[in-house]
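Look at the two complexes coming up: subunit A is in both, with subunit B in one and subunit C in the other.
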Partner chain A sequence: MKERKYEILLKSLTLHIVSFIMILPFVWLVSTALKSPEEVFTQHLTLLPKKFMWSNFPAIMKAAPFDIYLLNTVIVCAGILAIQLILVIPAAYAFARLNFPGKGFTFILFVIQIMLPLEAIIIPNYLIAKALGLLNTRIGLILPFVASGFGTFQLRQTFKQIPASLEDAARIDGAGHFRFIWYVLIPLSKPTIITFSLISIATHWNDYFWPLIITEVDRVRTLTIGLGMFLQQESGSDWTLLMAATLYVCLPIIVLFLILQRTFIKSFLTSGIKG
Partner chain B sequence: MKRLIFKFRYYLFILPGLIFLGVFTYYPIIWATDLSFKRWNLLCPKPKFVGLENYIKLIHNDVFWLVLKNTAIFVTVSIFPTMFFAMVLAILIDERMKGRVYYIYSIFYPTLIPMAAAAMLWVYIYSPNLGILNILLAKIGLPKLGWLGSSKTSLWALIIMTFWKNLGFFMLIYLAGLQNISKDLYEAAYLDGAGWWKRHYKITFPLLGPTTLFVFITAIILTFRVFDQINLMTEGGPGNSSNVIVYYIFENGFKFIDMGIASALTTILVGVLLILVLIIFGIFGKRITYEME
Partner chain C sequence: MKLFKITLILVALIFVLTPIAHAKKVTLKFYYPVGVSGPLVKVINGMVAKFEKQNPDIDIEPIYAGNYNQTMQKVQTAVMGGNPPDVAVVEISELYSLLAMDAIIPLDKYINKEGGKEFLNNFFKAFLGNAYGTDGKIYGFPFQRSTPVFYWNKDMFKRAADKLKAKGLDPNRAPITWDELVEYSKALTIRKGDKVKQYGLIIPGGWNDWIFEAFARQNGSQLMLADGKTVTFDTPENLEALKLWVDLMRKYKTCPVLRPWNITPDDFIGEVTAMMYYSTGGMAKIRKTAKFNFGVAFMPKKKQFGTPVGGGDFHIFKKIPKSHQDAAWKFIKFMTNPEMAGYWSRESGYIAVNKKSYQQPEMIAFLKKYPQMTVARDQLKYAYPKMMAVNYQKIRNAMTTNLDAALEGTKTPEQALKDAQREMEEALKQ
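Moving on to the complex of A and B:
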């Protein structure tokens, strides 16, 4: 297919403009995070700070326990993902490859959960967390998210595509359900599992509403909540510190994705989140 | 008895998931529906059955209707432009091999950063005196806008910010969908003399149907649940101008401590979401089951 010159030009111009507009807020975030308050007040739109204020970062660590927030966020994300995988893989296997009464109905219960996010039913969930003594605990930050209808649905689709001949071969070799899952299904479904894991980490790194409701002490707070508290504490007086804190909250997840970018984009595009 | 256990033995695989679904999704819905018929607030600390009182109170409350209107605007105005631009960008990126990763990342990164962080960044961008938007407006000689501080613009400012945040996510899903369309189709259409628009209108749009359905459902869920940016950027204000349903539930439950009203709102929201599920399955049911098999 030959493209005309102006077509190529038009396309890359569009993409460059869009990319530029999208990336501008982040550039401004990094730039402000490294400026001094005086420089921000001059209202000059300079990209590079006159003087790099690396001291903004130690300053935010002193103002709020961001290291504890970071640790809590890592624990909560890892906990959610680990339990999700333990629950999702056997369920997806059962829905993809086993037959039992009530299969269709129970599968629909999992799928409908995708449409009923925790945000919508926050009030009764808060009451349940309170009744179970989960307020101000890390486990309370984890448990409501461990059953994933989305993950069950995605993995079931992938498991279904694995040829029955492999299953027969495994059975003849005497493999039970769990050996088959461990040695055949999981290795063959790696792209989907990786994509699901990355989406799960990104989603729960970003959780704000639930931690806001159930945490009241710094000991169990996560990064996003710490950031929100910091905004109230500073009440928009010092943008350099606020932007430094914002950058600190974003960086770990962005670095994780940059390290895994090839795997991520590849698994996303090949495993495909297909309709 | 033994035969019964044998028949249901595979439930062991799904039971753990079902238990958590029960505790944190389905039981809460039943509980909220029950509480919606009870009075339970600061003046009445023990839940007491009052029939439809909470619902009647809501119907006579102007703020409730304003919240519904804001939610409707937020959902429709964010979904369709986001879907359209995401699809067009995905097509453009798919056709350009050069600089592909750069485009993908510069459009996708807002999805990765926490909404709380994005909200913080945009509070700064919208800030009346030091924000980049007003500085730019002043530079080209236009009057400064109130953005988050004005009841005329607050909801739109939130919609713009949410568009920026979600665009890349949908773009990536479309890009994944495009990988399933054979490039030979375009080659054949090109040889038959079809131009760029015609090729995409006749090939891409129809074949992206299932992807579009998936994006549509995801977009609905994402926009109905908006809370973080509202709480951090406007707190529903000024004067409820940017108050939407989930924030209104939070306000009633945790600020006004009226669990009865908050539960009635929850029941209404869950009802709307379930009706949407039914409509989507009704219209696209065949296609979804086809996709599922």
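Moving on to the complex of A and C:
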């Protein structure tokens, strides 16, 4: 019994230290966001600002229409994720469970897509978007990312691990492809799907280059472009405003993670039992 | 009855307004980078609104395009995609890349109409040096222009007066020569044991290729000839300059190694350093936040004073209707007129490109309050064009990585210059 107490203590101590280290940059971010410019770089480290500069937040709203940017970012990220899931799940199913001619070759193409950096295909993407009249539209921001090689690969691996006996049972009960996907594969692959969704949202939430290239009006621009306005090359940055803007940009994502945290962990735990 | 009347008025209004709305309006896409802090997007939008008010037949769509590199990438993508902007501000060293892409038009025709040489005489000659292509035609027009200058903390100099006087140095002025620079930086560095509590000097990293170009000029050398093809990075004069840097950072340790560009003004404001090399672009921010008296001086000389210029120029693009190009010139002329150039300078910290700006009452009053701003203008006498080349971003990369390596001590200064020279020549061949 004694040993166990000691173990628990050690464990929680380690966890506390690790989480403290993890949260420190974020605390620093919040602290800088509330400081006045003179207080950012001082000889002595101070965590609490002497005077709370709440005015930093109205100041960033004045610099750019961040409310519109936020709305656009939400629409774009949700749009990308929704279409990604619709495309990726059947594709992963096909690669994991079906046999068709050219399967190996097409799969290699999908894997190659993971390795292509966005910058390498930016000109062809731009030309296609222009030909389709999608410059300066949210659809133009969504479309290049909807076919995710990474998601297909990730889900294929998960689908492959699901025992064939489950598929046989579903078949005997008369389930077709989509019924099997919906009632068997998706519930069993929830952790992977959620993980992929979070990665997708975080990636596209932070995407800067593509939105910068194809959008030119505030109506369709996204948060990261607003954030870029505070990063200056010639004069040094406005750190306080930059941090206030960063806080505004990452807060929704953090809240989303906090809300999903429980489901996230739960789905990991239960999936083992069900499988 | 009342409703009828209102309807009638509305219908009449529509008839009156329709022709106005249908009058041919030119809409220009204007890409611009933001290089200095402050709500400059707002300032640009305000200037654009003023222009539109004076020119009701022209609409300008100001489009923020990121920093200098990103703006160039956006311009390149748009030009290659057959969808060029009408007018854009691009970093001055990119001119040859724009010309290689056949993206922009010469402005000689417009300038001749304004009076040719006489019109150009209104602008600082130093800023026009980067506007010419190798064919002698003028392709760019100066707008947000800066030079590096030398900042010094007057209060810190006073506090160190005894130490400075003991060395025979005047605490009431900035160093004038490289040798003085070393002595001042030694006297102004404060150590507690092995730890530096206050640096004498910061030569920032990040854009150190630009500052290095200033040192090269001060020693009578340069980094690349004006043809944009002959690299002169590896010269004895440049080696002397780099050795001075390495000594300051590694031998005397009076200057931190590769302090990030972004943080350096904050170090100056936070009194972490007594002196720094920095762009005039930082002046507005320092003026607003520094709690001490600061001075701005010419960068110390070796053989001579010398500085490259920096910043961004306007360009008008090809493959757009002529009416757009004409309107774009009107816009450029407006943005660089004495009043606007002065306003832009006061808001941003850039040097006003129009000489007449300095005769405007607002500007005279402003300079009386902030005499530091005049030093940058006066230093223009010793200004040279910044180096330009095709493939500039690659070349810049070769310069910064090798300078960094020498300052970090992973390469000898000799090796770093040799490697930079070779890599730059390779990038030019591509």
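Methods note: the second predicted complex is superposed on the first by the 210 of 275 C-alpha atoms of A that agree within 3 Å, B and C clash if a C-alpha of one lies under 4 Å from a C-alpha of the other, contacts with A are read in each partner's own complex, and residues count from 1 in each chain.
One rule holds in what follows: a residue touches a chain if its C-beta (ideal position, glycine included) is under 8 Å from a C-beta of that chain, and two chains touch if they have at least 3 such contacts.
For clarity, every value in this text was computed on a predicted model and none was experimentally measured.
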Touched partner set for A:141, first subunit B, second subunit C, both or neither: neither
Dominant toucher of subunit A (residue count), subunit B or subunit C: B
Partner chain(s) touched by A:96 [first = subunit B, second = subunit C, both, neither]: neither
Which superposed partner A:77 touches (first subunit B, second subunit C, both, neither): neither
Which superposed partner A:40 touches (first subunit B, second subunit C, both, neither): both
Partner chain(s) touched by A:239 [first = subunit B, second = subunit C, both, neither]: both
Partner chain(s) touched by A:170 [first = subunit B, second = subunit C, both, neither]: neither
Touching partner for A:123 - first (subunit B), second (subunit C), both, neither: both
First (subunit B), second (subunit C), both or neither touched by A:265: first
Touched partner set for A:213, first subunit B, second subunit C, both or neither: both
Contacts on subunit A seen with subunit B and repeated with subunit C across the two complexes: 40-41, 43, 122-123, 126-127, 209, 212-213, 225, 228, 231, 236, 239
Residues on subunit B engaged by subunit A in the complex (per definition of touch): 7-14, 16-18, 20-21, 23-29, 31-32, 35, 89, 92-93, 95-96, 98-99, 101-107, 109-117, 120-125, 127, 129-130, 132, 135-136, 164, 167-168, 172-173, 175-177, 179-180, 186-187, 190, 196, 209-215, 217, 221, 224-225, 227-228, 231-232, 246, 249-250, 253-254, 259, 262-263, 266, 269-270, 273-274, 276-277, 291-293
Contact footprint of subunit B on subunit A as seen in their complex: 1, 7, 11-12, 14-15, 18-20, 22-23, 25-26, 28-29, 32, 40-41, 43, 45, 86-88, 90-91, 93-95, 98-101, 106, 109-110, 112-128, 143-144, 146-147, 149, 152, 157, 160, 177, 202, 205-206, 208-209, 212-213, 223-225, 227-228, 231, 236, 239, 242-243, 245-246, 249-250, 253-254, 257, 261, 265, 268-270, 272-275
Residues of subunit A touching subunit C in the complex: 37-38, 40-43, 59, 62-64, 122-123, 126-127, 130, 135, 209, 212-213, 216-217, 225, 228-239
Residue ranges of subunit C in contact with subunit A within the complex: 29, 34-39, 41-42, 61, 63-68, 70, 73-74, 77-78, 80-83, 146, 197, 207, 261-267, 269-272, 279, 281-285, 288-289, 291, 310-311, 349
